[in-house]
Structures are given as C-alpha cells and as structure tokens.
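The first chain written gets the first letter, and so on, giving A, B, C and D; residue counts start at 1 in each chain.
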Amino acid sequence: MKKFTVVAAMAAAMMSSTAAMAAELEVTHWWTSGGESAAVAEFARLFNETGNTWVDSALAGSGTGANPVIISRILGGDPMGATQMNTGRDAEGLIQAGLIRDLTPLAEEEGWKDFYADPGLFDACTYDGKIYCVPVNIHSWHWLWLSTGAYEKIGQPVPKDWNEYVASWPALREAGVVPFGLAAGWALNGIPGVLLADVGGPDLYMKINKDHDAEAVRSPEFRKVAEAWAALRDVVDPAEVVPQFGDVANQLLAGEAAGNIHGDWIQGEFAVAGATPGVEYDCLPGLGLTDRIEGGGDAFYFPVLPEGTAQDVLDAQTTLAKLLVSKEAQVAFNLKKGSMPIRTDIDLSTANDCMKKAITILESPEGLLPSGETLNSSDTQQQLDDLNQEFFADKSYSVDDYIEEYAAIIESAD
Amino acid sequence: MQSSVSIRDVSLNFGNVQVLRNLNLEVGQGEFIVLLGPSGCGKSTLLNCIAGLLDVSGGQIFIGGKNVTWAEPKDRGIGMVFQSYALYPQMTVEKNLSFGLRVAGMAKEEVNARVKRAAEILQLEPFLQRKPANLSGGQRQRVAIGRALVRDVDVFLFDEPLSNLDAKLRSDLRVEIKRLHQRLKNTMIYVTHDQIEALTLADRIAIMKNGEIQQLSDPHTIYNNPVNLYVAGFIGSPSMNFLQGTLSGTSFTAEDGTVIPVGNYKFTAPSSGQIKAVLGVRPEHIVLGEDAQRMPFSTEVEIEIVEPMGSDTLAWTKIAGHSVTFRADSDVVLTVGQKLFVGFDPARGSLFNAETTNRV
Amino acid sequence: MANVSAVGEPSGPRPSKGFNPKRIIIYGIIIVAAMYYLLPLYVMITTSLKGLPEIRLGNIFAPPLEIITIEPWVKAWTSACTGLTCNGLAPGFWNSVKITVPSTIISVLVAAVSGYALVNWRFKGSEFFFTCLLLGSFIPYQVMLYPMVMITAQLKIFGTLWAVILVHTVFGMPILVLLFRNYFASLPQELFKAARVDGAGFWRIFFQIMVPMSLPIFAVAIILQVTGIWNDFLFGVVFAGTQNYPMTVQLNNIVNSTQGVREYNVNMAATILTAAVPLIVYFVSGKWFVRGIAAGAVKG
Amino acid sequence: MTDIGRSGAVSRPVEADKPPGLLYNIFVRNITAKIAASPMVAIVLIVFIGCTLWSVWFSFTDSRSLPNGDFVGWAQYERLFSARRWKISATNLLTYGIFSLVFTMVVGFLLAVLMDQKLRFEDGFRTIFLYPFALSGIVTGLVWQWIMNPTLGLQSTIRGLGWTSFTFDWITNTDMVLYALLIAGTWHGTGFVMVLMLAGLRSIDGEIWKAARVDGIPTWRTYLQIVLPMMRGVIVTTLVIVGSGIVRTYDLVVALTNGGPGLSSEVPAKYVINYMFTAGNLGQALAASTVMLLAVFVILIPWMIIEFGPKKAH
C-alpha cells in the first residue's frame, strides 16, 4: 500500500512542476487507515492525471478530528476545494447558508441518476430538490467476518449464518479463541443496527428507523434483536477488547478471534495483509440471514469557493466531481476500499468473492435498505449510540430496560 | 563562677567559609549579654548555635551546666524571640503561647496558668483571643516574648527582636525588656546591630567581627577603653575621631607635625621605641574655649559644619589635618567659619598601634 | 542528654547516626515515586526502539533486547503518512514552530501589559474584568470554537497565522494575566511611584523598569505558552490555515489510524518527537520555571 | 526621563486647577494605560462575556450543526436532564473531580514536602515529577492506555512473569475505569501542583520553622498545623488552576478510554463536544456547556467574593 501513496505523491510533485496551468484542489477527508488511504490514493492518481493537482488534507477521526475542522473552515471563509463529510444534517446547515455548491446541473448533464445502482443514494445529498453531494461508494455494516483459522482450531466448519455462529461460541471459548473480536469505541456502534435489520428483518428495521414506530420497539420481534445483542454482550470479555478495528482484522487472520461484525472497509485491512476470502477469512452479508442489506455511502461535497477564485479551480471541482463517479475511478477506488461501487455497469471481475456477493445483492432492485444514517438524524443516532454503549458495557442492564429506553428515543426522534 | 551558658571553642563552617572561629564565651547566671556587630559578623549564627538551630562544626555548648551540644532546641532549656516575631498566623495569641506546651503534653491547668502569668507580665490579657494579624508590631513582639516566657526556661535568646519596629516603639520596648529582665532575673542573650540597645540593655557586650569576639566587657569599658580600633570605631555615635601619627615615648606626632603630649595616658604596657599609631578621641571629650586652654592639648580651629541636635550641638572641624567632630553644649552658639580654641585630655582618649590595631 | 561520661562527651557536630532511617525512608519514597513518574517515558522510549515482533511478544517493560533500531524514529520523522503525503513529522515540525513562536510572543506580551495595567494603573472595573477572565478559564475551549470562527472571519483573518495568534492570546489570557498580576503586585510599589515622579510614562515604566525586573515570570509564561501551543491540535488546524497544519495533526493521523499492522514503535517514536519540544523546554528550563512560579504564583 | 505628556497620568497635575469630570475620568485619565489594557478588555467583553452569552442564547434554540435554530425555550435543558449519558457524565466528573483534586493536592503537597528536605539532586527529582506536565492530554492518554491495556501492558507482563491470576484491567472495567483515568490524570498534573506547593513552602518565613523547633513541635505537626494553614494563598491558586483543568477534562478521556467501556468514563466536556460536532445538535451541546458553566459559577463566585471583593485597596 505504501507504493501507491509514494507513486501518488511523486505523480503529484511531477504534475505540479510540469503542468503550470493546472489548478490545485485541496481535498479533506478522514481516510487515514491502510486500506482507506490506498483507496483515496486512486482518486488522487486519476485526478492528477487530468493535469490538476490533488492537495491532500487528511485528518484522522471523523467526528472529533475532522468534522470541526471542515465545518469551521467552510464557515470561516477558508473552504477547501472538496471534502468528505457526513451526509445529513451537518451539511444541511451549510447548504442553507449557501456555502455548498449545487451539483444539480452537473448531475443532470452527466445523467448520474441513470447509472447509480440505487437512486435512493442521492436522498442523503438532496436538499430542496437539489443535489449537493456525490456519493462515491456504498458501504455496509452488514457483514459477519469469520476466521477460517479459528474454526480449524476447534474442528468445526465455518458457520453459514448468525445462528450457527452463536452456537459455536462455547466451543471457541473452550479452545481459547476469542469468539467475537471487538475494537474499542465506535466499532461497537454499527452492530445493533445490523442485528436489527438482519435478526429482526427489514420490515422491523423500516418501521423503527423510518416510521419511528415505538410500538415496533416493544414488539416480540425487537425483543429477539435485543436478546441477540445481549448475548453478544455477554460473550465479549471487556479485557479482550482491542484498540482499533485493524487489530481485529489481524486477530481474525491469526485465528485468535473467530468472528466480527464490521463494515466492509475492514476488507481493506484484509487486502493489505494479503488475505483472500474463502481462505484466511469468510464473509456473510446480512449475517447469512437475509439477502437485503442496509447501506449508505461516503460522499464528497464541494464548498462554494470565495469570489475571485480562478476559473481553473472551479473547473477542477467539476472535473473531480465527474471523476469520482467515473467507471475507472469507481473500480479502482472500491477495489481498494472494499466497499461497493455506486454503479453496476462496470467490470468488477477482479473483485473478490465477498464483493461479488455484495454486488449480487445490490443488483436485485430491493437489495439495498436505506442507511440508518439517512433515516435518523445524527442526533437520534448519537442517543442510540449512547444507549447501546451503556447497555453493552453494563452486563446488569436488563433487556427490558433497554427496550424501554430504545422506545423512548424512537418516540422523540424527528 | 556560676555559669549559665558556656560556649567552649565553638566553630562553625559552611563549606569553606568559617563563620565562627574557636569562640569562647561564659555567660553568668542572670546576666544580660548582648552580641553586637555588623551584619555578617556571626552574631546571629552564634545565637542559633546556642539555640541548637544550627549544628556546630566543633566545640561544645553548655547550658545550665549540661552539655547540650547535641541536644534538640526544645531540650536545651531556652526560649527564643525572633526578629520577624515568627508567630503562627492562624492561631490566636493564646494558642500561640500555649501551642508548644500542649504539643509537649503538659497538663491543661499548668498550661493555662503559665499563659495567664505570661499575659499578665506582658500586659497581653486584652489580646488573648486576637490573631497576630490584628495586633500592632509592638504587641506582636510582646506575644513573641510571651511564647518564650511560658516555656519557663532559664535562658532567653533574642535575635534582633526590635529591628522591625519604628524608633519610638523600639525605645519603649527596650525599656520593657530591661524591666522584664530585672523582674525575671534569668539569663538573656541578645543579638543586635544597634549599639544604643547594646549599651542600654547589656550587663556585658560582646563585640563581634568575622566570627570572633573582639571585646567582651561591660558597656562602660567598651565605650571608654576599646581594645582595638575596630571596637573603638564601631561603638559611639558620632564615632570616635582618629588622628594618624607616630608615637614615640610619651609624645604623639600627627602626620602634619602637630605634637600631642600623651604623658598621662595609661598605657597597657610600657611603650618601646617609635611606632605608627592612631590616637582616638571621642567627640564629647573635646572641650572649648577656656576649658580647652587647660587641657594638655589645645589648638585653634575653624568651624566647618554645625549640626544642632537639640540636647547638644555637633560641630565639624579639622585638627592636625584630620576631620574631627566635637560635641558642644546646646547653649554654646557656633557658627560656620567661627574660629575658636578646642582641646582634649589624651588620657581620656585611646591610643592604638596602627599595625596591630590593638590598644597600646 | 547530660551524659558527662568520660568517653562520649558531646562535642563538635551532632554525629550523623551512620545510616539515618528517616533519610533512607525519604529517599526510598522519592526514588519509588520518581520511578513511577519515569515509567511512561521509559515505556515510550524502549517501545520506540524495539522491532515489531518483539513488541508483540509482550513485556512492555523489558528493554529492547534483540536489536535496538532507530528505524521507527527515522520513519516517524521522514516518511510516516498523513493521508497521501508521506513526509513524516518534519514539515509539521516547522509549521508548529511557525505557529508557536509568534503566538507565544504576542500572547505573553499582551498578558504582561494587561497584568501591569491591572496592578499599577487600576481603572474602573479592572477587578471585574480580571474576575471574568478567571471564570472564563473554566469554559471548555471547544464551546468557543464557533464564535471564534465567526469573529476571525469577520476580522478577515481566518485561515491565517493572525487568527491562531489571536486564539492563543485569548485562551492564554486567564492564567497568564493571573501570573503577571500577582507578580507585579509583589514588586515594591515605590519603584513604580519613583518612576512616575521622574516623569516616565506607561510604556517607559513597563519596558525599562517592570520588564527587566520580571524575567522569572516571563520565563514561566513563555514555558507555559510554548508547551500549551505546541500541544494544541484543534486551534492550529482550524485557524492557522492549510499551509500551517501543526505537528499534532500528523501525530493524530499516525496514531489514530491503522496502517495494516499497527506500528506501535513508530507511534511511540512519533509521540516522543512531537512531545520533544515541550519536554526539552521543561528539562532545560525547569529550574527557571520553578523559580518564576516561586516568585509569582505564590501570592493568592 | 522628561517625556512628560506621553502619558495622561503624568500630564494630569498640569490641569489640576479644574476638577476632572466624569468623561475625563473615563476616557482621558491614564489614557495610555487604558489603550494598553484594551486588548484584555476587548477579549473579556467580546470573547468571554460575548461568547458566553452567545452560547447561552443558542442553548435555547433547536440549532443543529449550525447556530441558526428557532427558539425552543427550556426544551434542550429538559432533554439534557433526562439524558442518562449526561447524568453519568456529570456524576463521573464529580467523582473524578473530587478524587483528582484531593489526590493531586495531597500527593503534590507530599512531594513538595519531600523535595523540601534538602535532598541531593533536588533539581533532577523535580524535573522528573514535572515533565509529564509538558505532555498533552492526548499523549498522556496514549501512553497510559498502552501501559494499562490488559492484553499488551502491565497485566500481561506480570502474568508472563508467572503470576497468572494477576489482574489489572481498569480501563476495560466499568467500575474501575475512573480510577484508571485518575492514575493518568494525577501522573500528568501532580508535578505542577508540587512546584506551586514547593514555592509556597519556600515562601514561608524561616523563623517560623525555628520558632517551631524551639517550641519542640514535631516536623509533621509543623507542616500540618502551622505551615499548611499559612499557604492558603498558594492552595487557593492551585485549586483554581487544577479545578479549571478538571472541569475541561476532555483530551485525556478521549485518548485513554474514549468514554468507555460503555458510557462509564464519559465526562461533560465530551458530551458537549460530541453533540456539537458529531451529533450535530448545537442547541443540546450549548445547553450542556451552560450547565457546566453555571456549576462552576456556583462554586467559584463565593471564592471570588472572598478573594477579590473586600481588599480592593492595595
């Protein structure tokens, strides 16, 4: 992965010295992990090939590291050329203030909606009927990653769905294998949503997240979800929690941990380590229980640049926006990132087995459930995260209390 | 002799610096000794050694006949009063007085009795419940003395106790300390750089310089028969007039040739040959006018500066080429430029060997 | 104590009792405490000198046994990645210098003048302003972020070094003004009065009389500001502009991202490198710091 | 020294024949001093007062990620006080704050007393105790996370030495995580407290010590009953500095535990920042910060009155 970044940097250096007319465009993002930066390097490479220069501003840590910087720089009148940003309400304020470039004309000209796998992906980018951002991938939390090595140790076949996996826990424990590898902090936050959609089913998921139906939370179906969540809580030993999700990837590859629910970007880590699905690890989309997965995208926004900005730079914004969704960029980026491309009309023959599974799901018209991020405000999401963190950490927190708290948050959700 | 405090061959070094040099001092029971000297002469250091606040580098210290060289301050039977009062600011006067006793585990009645007595002696009764911050400087110093008093000890040590007070209070408190000594009759060792305090309070004064005692005598002797130039110059205000010259036999020849007969001077030893010498004369021993003519030495001088002091008048002039001050009665009218006769009796003066600086 | 025996008549210095149990206990405690305080630094340094396999084997307290490698240091300094640029910490170091030097100078000067004005040129409400400053020191900095962005944007200095200087001046004010105010109050007022009688004005008294007498407290203020500003992440990155991302941004990127295998040794080397400037400041000038604190901070 | 007129202070006597009016007093008198103090005044008025009022105002709105919401009355506060995470955060801060304050003050004082014993290498020891103060909260958190991490740190090392039942899992243990925070926090802060205390000890008149020795008061009692009460000024200054640091505790928590496990080490400053930047609920964040500020006011104002109120005259 180092090679790509070095090549990109060299390319950038050469471009800037030879193509004097080219514009420099600063791009902020928080893709700093191994797989992520390899993926973003593909964007940078392609952008630099257009004669422009990608000035990279990476800031680790989306919420606390990057977000304050990005928002305050746009607000303060020192905007970057383009930026990754959380979709939804964060951007809404900036859009209202007229600080984000309207991409509707470009989208129509390029016919984006025609080739996007799911036009619903634009929902998160749309405000007052206009499009303000470019989703560049679809990623999903709905994956159960399993370690083939761990199951060899206990002499059992690799589970085919969540239930088999749960059944294997005692044997794993006995063999000294960590049943569920977990990274500290935010890595926990995606798991309850996965259980909700896959153990509880898509209907329950939509009732709760879209309709904010508190009664659905009090239903027996949701209780099953909560119990699964509690079971997971009980099998995880807090002392075994590792600092980063990349560490979990390593645990799985080493057979030290048996399974993990995590977003598809963990594949980037597997890829960096040179592992192949079906050999060192296995993957079950929808936990092997359902063929519909929830997904959302990372998106790029283009701030309105201050008056007097050279036309070159404005053109460079347009160039980048077009490039991000181009076939070439989509293939290159998503293969590195481990996420699904936003278009299905491209050749992904080099994709690995896991991605192919995902593409199959995506090709079915109903395959993609809208992401919780777009249905709930980040405020509600934060409250749910807080509840889940607390529930998970406190083994005496009862399922009944959990359901009641959950219902209360859903009731007040807007 | 009944010795209360006895200092034997005490020396103290801080690194290479010798602060006290083989010092000996016997203090009698009930005696009031003042250690006098300029700052840095070692007087406070010596007091701290006696108190046990500093360890000596050599020698022994006896208090009340006991060898206390290695004893803790509290076991030496001393009480001490400090320049900054060193009162415990957050405690009332009463607590300040009693704290040490209570820490030592003394019975309550006894503590109360002692505090009561000290407060009575020092007239502190009205202030017992006040904190030091609400007392005047003089009152604070009395509390500090009281803290030594309640310890019911034989030896009181005072470390420049009055130098933080203004002139008026200082002279008031000086009298109080004298009165206290007369009443209590215990041994007091008192450090000061103020010669008036020393002269008024002391039974004996020890003049110190460079960690050594220069002279240890009663105030009268110190004043009239200083053993060396240093003591002579240090004691007395305005200080003693010095005339440089040569001494041969019974005649002193000043540098400008003026001859002063010193035949009636009481030499410490018979003089031999001719030596370089200094003749010291106190300003108040110089007399004017007709009286001057009767003195073994007299001369006519011109007044240069006149300083009326109220009780008397100081005048500046030159004798034998040296600047000289003399004291005249306040009735005598002196004017600048006036010429008159002055004279003195060398017998009342002091003669020093200019090389050894010792009295001859 | 009155043992007047022939043998042991006390004389000369008090004998030190061979080994004095009290001293031994004191040194014992202080050495144990010192070890506790040094432990993290030790762990950082040894970890940064170990190879990755050795780190994963366990004992974090063991000294590097196999090979002492400075490769992590070289990597952290020259080639660790921030996103796509892999120039290590070196560029950030110079950016941090660019931010720290002017911010320190200006914030300390402003605070010194304010403290001086508070003590010697009292004006109506000066105590009120000072009280507000002290209370202000309890507000989490981040709360001020939006308003400060708007203020600097209004002043048209957002994204420049001036903005970051302003922000550090603002947030350095409470403690620095407290220090200077206390210190100036402890100087003899006669000096100030004498200078005024001599006809010296505000600035002349400040520069020719107060400043030369206040070097200890300036040392404290400079030490506090240099370390504080150097360690800052948020203000530097938000206000100083794209060209001036401080070193802490790179540190944050290096330690908070998983580059495949987590390179603990590189992380630790990067951490030490980033902390080096404040650490050196303390190791070298700790004495002045202590002296200055003793001179200034003691008065309530 | 003859530049009369450069300062209003000096030129004032010239106009002494007419009594200065109010306007004169406000604007002209000591004009240079006022200009010089104007940055401070501006900072106080605009930033510390202005921004505080701004925050308080927007805490009554439903502002999302940008300050542009509508007035909603007490709604944000109602929600704040019913939020479990806020309650946990506030309780945590209270527990951590009290422990941390007591601990840093006591340890700092004890270290200062030890340093006061005429040690050899005093400078060296002092630097050792002080250097953590030079490190940022992030670095402190990272290092201690590394040491206290059960799978890589102290626990595994000691187990590796043969004591297999040894447990030191505070950062992953809900009940103990605050104490893990305390270890790192006191490690970071005690050196500074020690320096302040040492300065306080050294500022005490040496004759007090002599008097206490003559009175036969044991050393520990002298420290406790005489010297400590005399250091009131230093102690108050230290409390304010340490206290303001504790209230703002954020970096350390983020780096060490990130509020976990669960919510068990959440603190108010983190609540504010999370809702401000991650959850995009500025109104909620500002309501929380307003409550924090109010709490500080309640504690500090009585002290301010005692400390600065009556003795205005210098």
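The rule is short, and it goes like this: a contact is a pair of C-beta atoms (placed from the backbone, for glycine too) under 8 Å apart; a residue touches a chain by one contact, two chains touch by 3 or more.
Everything quoted here is computed from the prediction, not taken from an experiment.
A.B. asks: In this assembly, which chains make contact with subunit B and also with subunit D?
C.D. replies: Shared contacts of subunit B and subunit D: C.
A.B. asks: Count the touching C-beta pairs: is B-C or A-C ahead?
C.D. replies: The comparison resolves to A-C.
A.B. asks: Could you grab the centroid distance between subunit B and subunit C? Build each centroid from C-alpha atoms only and quote it in angstrom.
C.D. replies: Roughly 53 Å, centre to centre.
A.B. asks: Could you please state the distance in Å, as a whole number, between where the Cα atoms of subunit A are centred and where those of subunit C are centred?
C.D. replies: Taking the average C-alpha coordinate of subunit A and of subunit C, the gap between them is 39 Å.
A.B. asks: What whole-number Å value describes the gap between the mean CA coordinates of subunit A and subunit B?
C.D. replies: Each chain's C-alpha centroid was found; their separation is 91 Å.
A.B. asks: Compute the distance, rounded to whole Å, between the mean C-alpha positions of subunit C and subunit D.
C.D. replies: Chain centroid spacing, subunit C to subunit D, equals 15 Å.
A.B. asks: On subunit C, where are the residues touching two or more other chains?
C.D. replies: In subunit C, the residues touching two or more other chains are 142, 145-146, 252.
A.B. asks: By residue number and range, which residues of subunit A touch two or more other chains?
C.D. replies: Within subunit A, the residues that touch at least two other chains are 68, 75, 243.
A.B. asks: Send over the residues of subunit B in touch with two or more other chains.
C.D. replies: 75
A.B. asks: Spell out all pairs of chains that touch, sorted by label.
C.D. replies: A-C, A-D, B-C, B-D, C-D
A.B. asks: Which part of subunit B faces subunit C closely enough to touch in the complex?
C.D. replies: That would be residues 55-60, 66-71, 75 of subunit B.
A.B. asks: Hey, which residues of subunit D end up touching subunit B in the complex?
C.D. replies: By the definition above, subunit D touches subunit B via 205, 207-208, 210-211, 213-218, 221, 225-226, 229-230.
A.B. asks: Along subunit D, where are the residues that touch subunit A in the complex?
C.D. replies: Checking each residue of subunit D against subunit A gives 64-66, 68, 79, 83-85, 88, 145, 149-151, 155, 169, 172-174, 254, 258-264, 273-281, 284.
A.B. asks: What residues of subunit A sit close enough to touch subunit C in their complex?
C.D. replies: Of all residues in subunit A, those touching subunit C are 1-2, 5-6, 8-9, 12, 26, 29, 31-34, 36-37, 40-41, 44, 54-61, 65, 68-69, 72-73, 75-78, 80, 243-247, 250, 269, 272-273.
A.B. asks: Subunit A touches which residues of subunit C in the complex?
C.D. replies: 81-86, 142, 145-146, 149-150, 152-153, 158-159, 234, 237-239, 241-242, 245, 249, 252-253, 256-262
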